[in-house]
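Written out below as structure tokens is the structure these notes cover.
A, B, C and D are the chain letters, set down in written order, and residue numbers restart from 1 in every chain.
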């Protein structure tokens, strides 16, 4: 299983990187995330509940940040485990400055993993489309949150916060 | 004196017809027995990987779980079904040992009181896999550096020391030199799943006298019995295979893949065991007809006689051999088509990839050769400027002609078939073609 | 896990079955009530070999929890076959060789019965559309369509004479 | 998990109560044509399941200028109504007779592409869905209901209880291109509703199925024909726009490039059909 994608976020890289490492933010932006705790500076453990047509179930997930180079990039190794089987793999994301915008960020991610259990019996493209869709929903939610944060407190260094929210 | 035919040409009612239209005929899986266990298979989720460990701890806790079967439980864990006719090497396993080579390859069989319990237990088996690169195209598989699928190191079946089945007849290069036209084509077919409406399945019952009765919808009853006997190291007279209604097979039920494990399950638990494929298993794991890639190069004279034919073809056997080496040999014998051609050169490769292993389906090995050759004949007709009938009558072979693999043609009927077809479609053949027969050629033309 | 008792009408008489929750009607009919004319081709609602009539309407019994038909009337091919002889549709299938391996035949006949109950003289397109949920891998469908059309003609003559 | 209990509530309040009691471990099912195959294959292993067949959501009625469809109305019953012709066309092209007797309109909205053809028609008809939860009903336009592939705005404590379709005059058509004539998933589905005044298109809704994570509108194509009289240039431009803006994907039925090209072909055919239909659609009635 291989996934990849990109998104444009309306906040500077440092803010985006901090957000992605903050369990409170992750809890809010990950679809169906019920609980998440930081068990070490780089390790998170949580529960995600997905109600998909025909399938229900909670998934325990533990993720470790590896090779993190703030605010440019980081790797995430981890495992998602539940009644539908398990996915073990690694994802990497790179934060770049958005072209033509003082404070925008472009996030590019790639990921691969081995699916086991019932989910493995589906066409692997099915799982890939589902993962990419969930990740893009998460990034959209992150963007909305960053926009709210920017609107409430003008960011330090006098940069004019952009309030335009892009898809 | 015309003999009056009572059956041939009549529409005779079938003896099993009432059973079919009332649904009373019993198919294999229509039976159920008290205490019957259900076998569900843990399969490889990836195309190619090292299998480093199997963790059954969670699966064993499932309510209704009875036991698991792994490669260690199989007396002779080899599943090379053509071993019966001396085809070697032994390369496929009944249950995977330390490597999986196609998605869906069987690893652990789970026996449980109910299907639901078996499926739940299967979902809780954890595999320790290290994924390996995989290859899915026949020509890529033959490139140096391609992922190696077989355990003997190269991705082709070895035919008497050569990596392909070779046919040499006359001098094909000489023929090309003399030819007025060279016509080339590449033809490829895709894997086809037979998809019988009734999926592959069997029920194995332990009998009081130490024998095992196996109800199975296999197409090849004794082929299955013999292979099961080898795999379980049990003499054939202790296995009582019962066939009967088969809900479609089309070659999809000569795999001999469910009977050995169901019988082994019955042996280990002394209870009946039912092992029936789900539809997704039949589609993903049951062996398909192989995909084929066929390159054809012909040397043709200006008046449409084919004097040289060079065929290079690749069969995609998938991860293991099963029936494909046999299909490949049949292919090589027919790859030049039903035509009398003085110079023929054939190389036919049985190639391994990380696809589902392929096997029999309705004339496998020859149907794709016919597809390639007949399209090629139309191309030749176009190039030479004659109609498709003429090109075929001109080159049709007759009884007594020596075929490329040095066997005389017997009961050739291409000419008569085309004549009948012409009548059916209302095509008026030239008198010369109407008069042609498949009888041996007059001797002065002989030795063709 | 507690079992449940479900009562429904099968071929005109009430039956009670004790099942684990959400056992499919297909499994109950085949494994507990001996109606093995209900076939098991895919369990995904894609082949039609498990078609039964529920209150006269064709449904895929493999996708129906038995609890969903509690109190309703279920007809399988066993219920269509008369105690002796054959139903006219069965006779038509026999005469027209509307079968080969026989695995799709029960589903085809059940749908044909439902079709003729709704529409005594369907056009060929209506017959084809009614059968679109039933897969046959042997006959190529023409003998099955012709069998149903001959059953329609036979029923028509029957009425003419009655 | 093997199923330990299967509930068939006979009212919405009872169903909501079960949802609250069991929360996220409860699998909700209606016709079963999506969930049951996954359960039968051992891919979905729910512990507790709720079927909505008897929850009283199977009424279909015209209320003023709207058709109100209960979530568990079966697809077969869409064939028996002619208040909204496009819904009859869409239901007729979905699955087979037996499956239409079981599958529900509400369930069709949760069917992942390339399934869910009735949902495409409902999107082109600008339908709204009613979501019922402990705090009562809320209504969401269908165009905002789906949030991604197999995900929607439905909250964990809510049920989709009905679909409301405005009955508007306009020219409509529904085209489904599958590999087979019937009982087949879509390569692409196109549903169009045009508001027309004096020969000019004043409003256009074009919905595409099997060309994105869920049924999607094609705003670029809609803009290209709004204000036109469906002359060939406008129709051609709309078809090209739809092919560009759709999010085609590859699956077992068709590849991305083929779907993208077929979006263009079938939007062209759908609009062309509306441009010179048998009857005077432009400027004519529904």
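By definition in this document, a residue touches a chain if its C-beta (ideal position, glycine included) is under 8 Å from a C-beta of that chain, and two chains touch if they have at least 3 such contacts.
Please read these numbers as outputs of a predicted model, since none were measured by experiment.
Between A-D and B-D, more C-beta contact pairs join the chains of A-D.
Mean C-alpha positions place subunit A and subunit D at a centre distance of 30 Å. Per-chain Cα centroids separate subunit A from subunit C by 50 Å. Averaging C-alpha coordinates per chain places the centre of subunit B 42 Å away from that of subunit D. Averaging C-alpha coordinates per chain places the centre of subunit A 47 Å away from that of subunit B.
Shared interface positions of subunit B, defined as residues touching 2 or more other chains, are 63, 114, 116, 123, 278-280. Shown for subunit D are the residues that touch two or more other chains, namely 1-3, 37, 39-42, 45.
Among the residues of subunit A, those in touch with two or more other chains are 83, 118, 121. Under the contact rule stated at the top, the pairs of chains that touch are A-B, A-D, B-C, B-D, C-D. Considering their complex, residues 2-6, 8, 31-33, 36-37, 39-41, 49, 51, 53, 76, 95-99, 101-102, 181-183 of subunit D touch subunit C.
Subunit B makes touch with subunit A in their complex at residues 43, 45-46, 123-124, 126-127, 129, 131, 280, 284. The touching residues of subunit C, counted against subunit B in their complex, run 1, 20, 30-31, 36-44, 46-47, 49, 76-78, 81, 86, 90-91, 93-94, 97-99, 101-106, 109, 135-138. Subunit C meets subunit D in the complex at residues 1-2, 4, 20-22, 24, 43-46, 48, 51, 54, 57-60, 62-65, 67-68, 111, 114, 129-130, 132-134.
Those residues of subunit A that touch subunit D in the complex are listed here as 31, 34, 49, 51-58, 83-84, 118-119, 121-123, 125-126, 129-130, 132-134, 136-137.
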